[in-house]
Structures are given as C-alpha cells and as structure tokens.
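Here the chain labels run A, B, C and D in written order, and each chain numbers its own residues starting at 1.
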C-alpha cells in the first residue's frame, strides 16, 4: 500500500496485537534473562487493549485521534517501563500526525521521529544505553532519509526494518544502563535488549503490513 | 549379674543412652509415620542427659536418688509426651525403690510396676489404646510372676523381654487413641506403636545388660 | 532445607535471644528464656498463661502483653515445654487472683500442664485450665474433646485477656475463655510441609499439585488430600464444614481470622478472606472483626486456616478491646 | 505453582477486594480499587503518597493510615501503577499543603510518577518526590542514585509520615524524608524464587543449597551466589557492607528492620536479628528501635533483608511516633 489510512491503522493495531500474542512467551523469557519476565505480558495486554480501543473508536475518528486513544489505553493497561514508554511514543505520534488524512512516507517518518523523541524525553536514556531507543533512533533516522530521497512507503519501511534488525543486533554488545537489566551489568553483554526487540518487532510488522 | 547395684544403674543408663543414639533415626521414622518424627530426638536427648546426670551424681547417692535424678532430668530435657511419661515412670520407680541397696528380681518388679502405674495415671490411657502402656503392663505383670516363682534376675528379665516383644507385636493390630497418632485412625493399624517400641527397647536392653 | 540457621540444636534459644533483644517489654523467669513473662505484671489481675511447642510464631509467646497474656512457656520445635517451666511461669504471674492456662489440645502439653498445675497447687496457687480444640477437621461432632487446638485459640486469648484486663474474677475469666473456645471453629489447608530444624527434612511430602484439607499444624493428617482447587472452591469446602458446626442465624455477628501457616503470602490470604466474606454475606452473617495475617504458623509451611468465632454481646466487646503485645496490637 | 488463586488475571483485584472488606478505614477513588486513600484525610496536612507493583504486601498500600501515608496506587504484580492512577490519588489527598511522593527507584515507577506529577502540576497541586534507594547491593558507592529501593523505604514513610502528622510544611517533610532516605541502608539475601501468578513459574532458579546475597525483591541479581552459610555468617557479610556505608560512631543510635521476604518464618528472622544486635553491640551502636517481621515482601520468596537507619535526634523522635495503619501499628 502507498499510504496508511485510518482504517488501515485499525488493522495495523490488530496485526500488532496478533504479533504480541505470538511473541508473548519469547518476550517473557527474553526479559526473564536480565529482567522480571513481564514484558511479554505487558506488551500483549497493552496492544490487545489498544487494538480493541481503536476498533471501537472507528476510522471516522481519524489517524491522530486513533493514535491518541491507543497511547492513552496503553498507559492505562500496562504501566510498566515499556508500556509507558510505548504509550508516550504513540501519544507523541498522535500529536505529530494531527491533521494527516493518511500516512505516507513523510508522515510515517514524522510519526517515528515523534515516537523516538517521546521515549527519549520520558526515559532519559542515551544512545548506547541498551534500550528501546537504540532501535527507535535508527528507525527515525532511516525513515527520514528514505522520505528525503522520495522512497515509497513500502520501500522506506523495508529499508527501515532492515536497519532496525541491524540496530537490534548492535544492542547485543551494549551494557545495560537502565531498568532491571542494569543490575545484571556484564551479564547483559551478548544478549539483545528486550525493549529494543519490541521496537524491531513493531517496525518489521509495520513493513510487512504495507508491503 | 544377680542384682543391679547403684554403680550398675549408672552403667545401665550409659547403655540406654547408647541404645537411643543407635535407634534415633529408626524412632524418628517410626514416629514420622503417624506422628511428628520427634521421638528419636527426644529419647536420645533425654537418656543422654539422664546418663550424664546420674554419672555426675555418682553411685554414693544410691539407687532411689539416682532414679529421681534421672526422672527429673528427663522431665526437663524432653518434655514431649513420651519424655514426660518416661520421666514420670522413673520418678515413680525412684519412690518404689526407696531404701533398696540393690535391685534383685523383686525390686525390679516393683520398679516396673511403679513405672507402669505412673505412666497410666499421668497419661490416662487404657490398655489396648496402642500406647507405651501396652508394653509396660505385660512387663510389670511378667516380672511379678517371675519374682513370685523366684526366678533369677537374668531369667526374669529374659522372659520379660520376650513378653514385651510379643506385646509390641500386638500393638500392630490396635487403633491409636492418643496423641498425634490418633488423628491417623485406621492408618495406624498394622504399624507398631512408637512409644511401645521404646518400652520394649528399654526392657530388652536391661535384660541384655544383666544377662 | 533452606533456612537461616546456625546449629539447629540452638534454633529455639537463638530465636528467643533475638526476641528479647527486640522487645524489651518481655522478660523471663527462672533464668530460663523459655519461661516468658510480661515485664509489667498488674497487681490483683487474674494471670493468664499459655505454652506449647516452638515453631508457631507469633503463637505462643507473641501474645504476652497488655490485654492478652501474662506469660508463656515454650518448648523445642513442636515440643511441649516442661512442667517445671510452666510452673515457674505460673508462680511468677500469679497476683493472688489465680491463674488460667489456655493451651491447645495435644497430649504432650496436657501431660505437662497437668503436672505444672499440681506443682502450683502445692504452693496454694489456684490454677484452672481451658484447652483449645477448635480444629473441626481433627474429629467428628460429638467427639469435640478429641479435636486439636489451632489458630482459633487466638480468640480465646483475646477474649479472656480482655476480661482479665477488665479486672474480672478467675471464675468469670474461665467462663469467658470457655465460651470463646466453644464458639470458635477452625478449618485449615496445607500446601507444603515444614522442616523441623533438628530433623532437617520435610515432615511429610505432598504432590506439586496437591493440597490437604484439614491438615494439622504439625503435619497431622487432614480430611482429604486432593488436587489443588481454585481459592474460592477451597474456601467453599472449608466454610461449609464451619457453618455446619454452629447455628448461625441472619443478623449474627462473627469474628474472622484468616491465618497464614508461614509460607503463604499475605496477598493470597486476602484472596481467601474475600471468599469467606462473600459466603458470610450470603448467609446474612456479619464479619464484625477481621484479622488477616500470620497468627499461628508451622514455620515455612504453605497453607492457611480460617477461624470463625460466633460472637455474642460479651465476646463482641472483649474481642474489640485494645491489646498491645510485641506481635499483636489492636487499637 | 502452589498458590491460593482463582484466575491469575484477577489476582490483584481479588486481593484488593479482600483488603477493603477487612479494613474499613481504607477506601479508594476514581472508582478504581488500585487507587487507595485513607477514609479520613486531615485538612491542611501535607499529603504523602506512594505506589508501586503489587506482590510486596504490606508494601505499599499497607502503610496508608494515621501517622504514615495518605494514599497509594498499586499496579499489577511487580508492575507500576499508571500515571493516571497516581494522579487520581494525588488529587484526592492534596489538602492544600502539597503532596510528597515516596517510592522506590525503579524505571517503570519513575516514568509513571513523573507523568503523574506533571498532570497534578497542571491542576496547581504542588508535588515533590523522594525516591528510595536503600539497596546497597544494587550499585557501588558513588553511584547511589542507581540503587533500587527496598524495605528501607519503611523508615522514610515512618519519618515523613510522622512529620506530616505533626503538621510540618511540605519543605520540612521533604527534608526529613530525604534525610531518612539518605541515612538508610539495606542488604538482602534470597533463598528461593517467587512465582508471578500470571507467569506461573519461578522467576529464577537457585540451587537447593544456594543463597544469593543482594538479590532484589523482583529477583534482580545480587552480589554473589554461594552455598548457604550459617545464619550468623550471612548476617556478618550483610552487616559488613552496611557498616561500610556510613560513619557509625560508638554511642550512635540506629533503627533496625529485619524483614522477611515472604516465605521465611519469623523464627529465622529473630535468629538473624540476634546476630545483627551482637554486631551493633560490638561497635557500641544501639538498636534503639527494632522491627522484625514482614514489611516488604516478594510474595512467597524465602529470604530476608536488614535495613539500618542511622538516627539523629529528629529521626529518633519521628520514628518513635505513633502510627496506626491496617498493617502496621506502633503505640
């Protein structure tokens, strides 16, 4: 597809919901290695709730309003670190897409830039701290470059998904500085970050969705 | 030996002490089947303490005084059901042997009669209730009969030990009415009573000691 | 065995050292830490003593204090204190108005408390006894005298302790203790065993998905061992047996104690209480006083018990009276 | 998993139903049981709120009551409440004198409390924060801001709660809370894992003869995993780290909290306290206020922590002040 309409966004949330049902146990065990095992639960819960909320609201609300609903719902249903950070991300994306009828490459780039900025402000992590941000930043940067060179949405997201995959790999060599993982210090080296994994899943799934 | 002197009694307590060190685990598991597993601990503790106390007191104190010391020590160190009942038994045996220089067959019979009566009064069990009393009573009865027919101490105790062995076997078919075992009801059938086992061990060991 | 322990032989005495170090309002007599008494006895008051095996904290000694008990003798883990120890406590707490023993129905304790009462009698101290037998699971109706005493003894302490604090006579305190005893019923359920330190392994074994309804606090067998059911169904079964014991009428008041056996977290106890409360509500019976927590444990045993005291006006007042012990405070 | 449970999804809400049923002095706002407030707010008083994940009873909501806190928002097991829930509690407990948040240093909580403070600020409510970071094991000296908050937060609640009850201003209450925070140190040790109901299996595994010194209350890794040592040696190691943190002089007073993580029986906690008390004695430091019991748990986890608050005159007075909450009473 060339651009994401409000009705597509509702289906995208359905896709994300299914994604986290599928990845629930994987994320539980990933977070369990250097965390508290809740990530699979919070993500599957929050995306399920968000998908239902946006479906209930309906496409007539428009993209920005749907994203706001998704963010607010997630903040309520899964107020873990990642739950609140992704909620913040969607709330900021809602602001960034105000007035947009559809999301083409430029709008999607704006979406993820705002998402990244929201997570960065709320979480106060730096790049390299082994967090979600280490995937979100290359996502935003890649999408901006793709938009600048006039790539189609499918092309842009495919490239971004690949960049995110690589960025996720890079988190393996980082030392966790935040959240429960920070306590594990050296033991986190060699492991991919759980939150970054979620970031990668989101973008890959979005790329598959439009591709 | 023909009769038990004060010095012998001190050695007999040594023997009993060794007996319960040896039987500790067996009694723990026996009491564990339909009770709380403490019998091996309480018996080894109380006879160790009693043996040390009578040794410290010395033969000059005389038999009755030594038995009193043993009983009082046991009451203090192992106030479980069996601990207090055996303590009561030795205190009563002390009364019964007042003035006795040595314990021949008649005195030993008096010893165990008093022991049995003490346990019966303190514990309020009836014969057949599957307790220590079901071995103590045949012990007292057999010893009296042996004394009446003028048996030597070794003979009398050998016969009594055999009677006690049989009485212990008989407890297998009884239904426990007292203590923790009572809760197990039918499950106690087929098992020999733990307290009765202690009674049998005491008399068998006494028989071996004089034999 | 996963315990914080030094030499298991010293388990009880080191625990007691810790308790006296932490709670200066408690002291002991006869140079024996196992003979605990309150540091501030009240002249003329009926003395109340309890005792029993260690391993049940806050039972027994945890209830020594204002509005509750005056003394407690404790033995080794799950073992009775000696007659001599109880006698020493008795002598100390008698303030001329007599002494009441309140303890659980276990043969070892009975034998030793009987002996202690005899010794105190020789000194001219009037001693009476009320023996807790609240455990419904441990014998049938009609054979209540065979039942074990478990967590429900808390209500007997509470009522009798408040009565004694009010200055009532020994006869009145006995009457009230006995009334609280006869109107209290408990049902327990165990999920795992405990480990007696000197024994070093589990007292009994129970499958990973099993529970035992009615198990005693030393691991005595219960009524049935079955697959662990949802919390609400466990309570339904337990409460059915409790309801069958007394004539609870609409409008009646009860006091409820949901007691953890040691290893079960508080969160679960409240989930259990929630269902107890629903069932009482369905019968129009009001849980006027509620306590949820650990009141009589079996060390690390996972499990819980529910005790219900059928109130009358007098018990209502006494149960609500203030109390202040190191382990139990009511304001 | 040996738990009293219905549907694990309802674990927290059923627990809360039980708590409100048992403790009428507690209520909630925003039609949300997870937004707990005291039923009797005091006009003009600085409001104190806390919050955090469920599964730590009596933390957090157990300290809502006289002389302690005014409200608490709780989340799912080991999960932060939402910013919205905290904001609702904040709005309700603000009595015009401002609100202080006291909570533990966990990223999920910080992110949500920050958001709540922003929301309250828009309403013109003055909100300040003191973030507990007492867990010595979770970061080195010099990096104290990275340390987790554990049981020692009890002392921060106690001191700040007493200060607010005395009618002190928000600035004074913050100063006192921050002082209590900065003078409190905790070391923990875990013997077994807990089970998050919705996950259904142990959070981590640990050998039958192992312990982990410094483990966090959600199973975060500690300093060292080793063979379970005698209780006294465990305390020696823990206290050595605590002593290294502050300049304790002969004649100094401290408050001590020996906290069970849930599965460890009280008997063992007193054995641990005994050794703590000996070590303090050797240094001429007095344990002026002592609490032993369960104050911040991890459901059924076996283990314990020791918290030490280095007193000064002001903290001494405030820690000793009366308090009365459903889970904690001090008279």
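In the analysis below, contacts are C-beta pairs under 8 Å (C-beta built on N, C-alpha and C of every residue); 3 or more make two chains touch, one makes a residue touch a chain.
Note that this is a predicted model, so its numbers are computed, not measured.
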Touch-connected components when chain C is not counted: A, D | B
Chain centre separation in whole Å, for chain D relative to chain B (CA means): 55
Separation of mean Cα positions, chain C and chain B [Å, integer]: 33
Computed distance of Cα centres, chain D from chain C, in Å: 29
Multi-partner residues of chain B (each touching 2 or more other chains): none
Of all residues in chain C, the ones touching two or more other chains: none
Arrangement of touching chains [line / ring / star / complete / other]: line
All touching chain pairs, where touch follows the definition stated at the start: A-D, B-C, C-D
Complex contacts: residues of chain D adjacent to chain A: 75-76, 78-85, 106-108, 111-112, 114-115, 138, 146, 148, 196, 198-199, 203-204, 216, 218-221
Complex contact set, residues of chain C against chain D: 2-7, 11, 14-19, 21-23, 54-55, 57-58, 191-192, 208, 228, 230-232, 234, 262-274, 277, 287, 290-292, 294, 297, 299-300, 302, 304, 324, 329-331
Chain A residues within the chain D interface of the complex: 28, 32, 36-38, 41-42, 75-76, 78-81, 83-85, 88, 122-123, 178-180, 182-184, 187
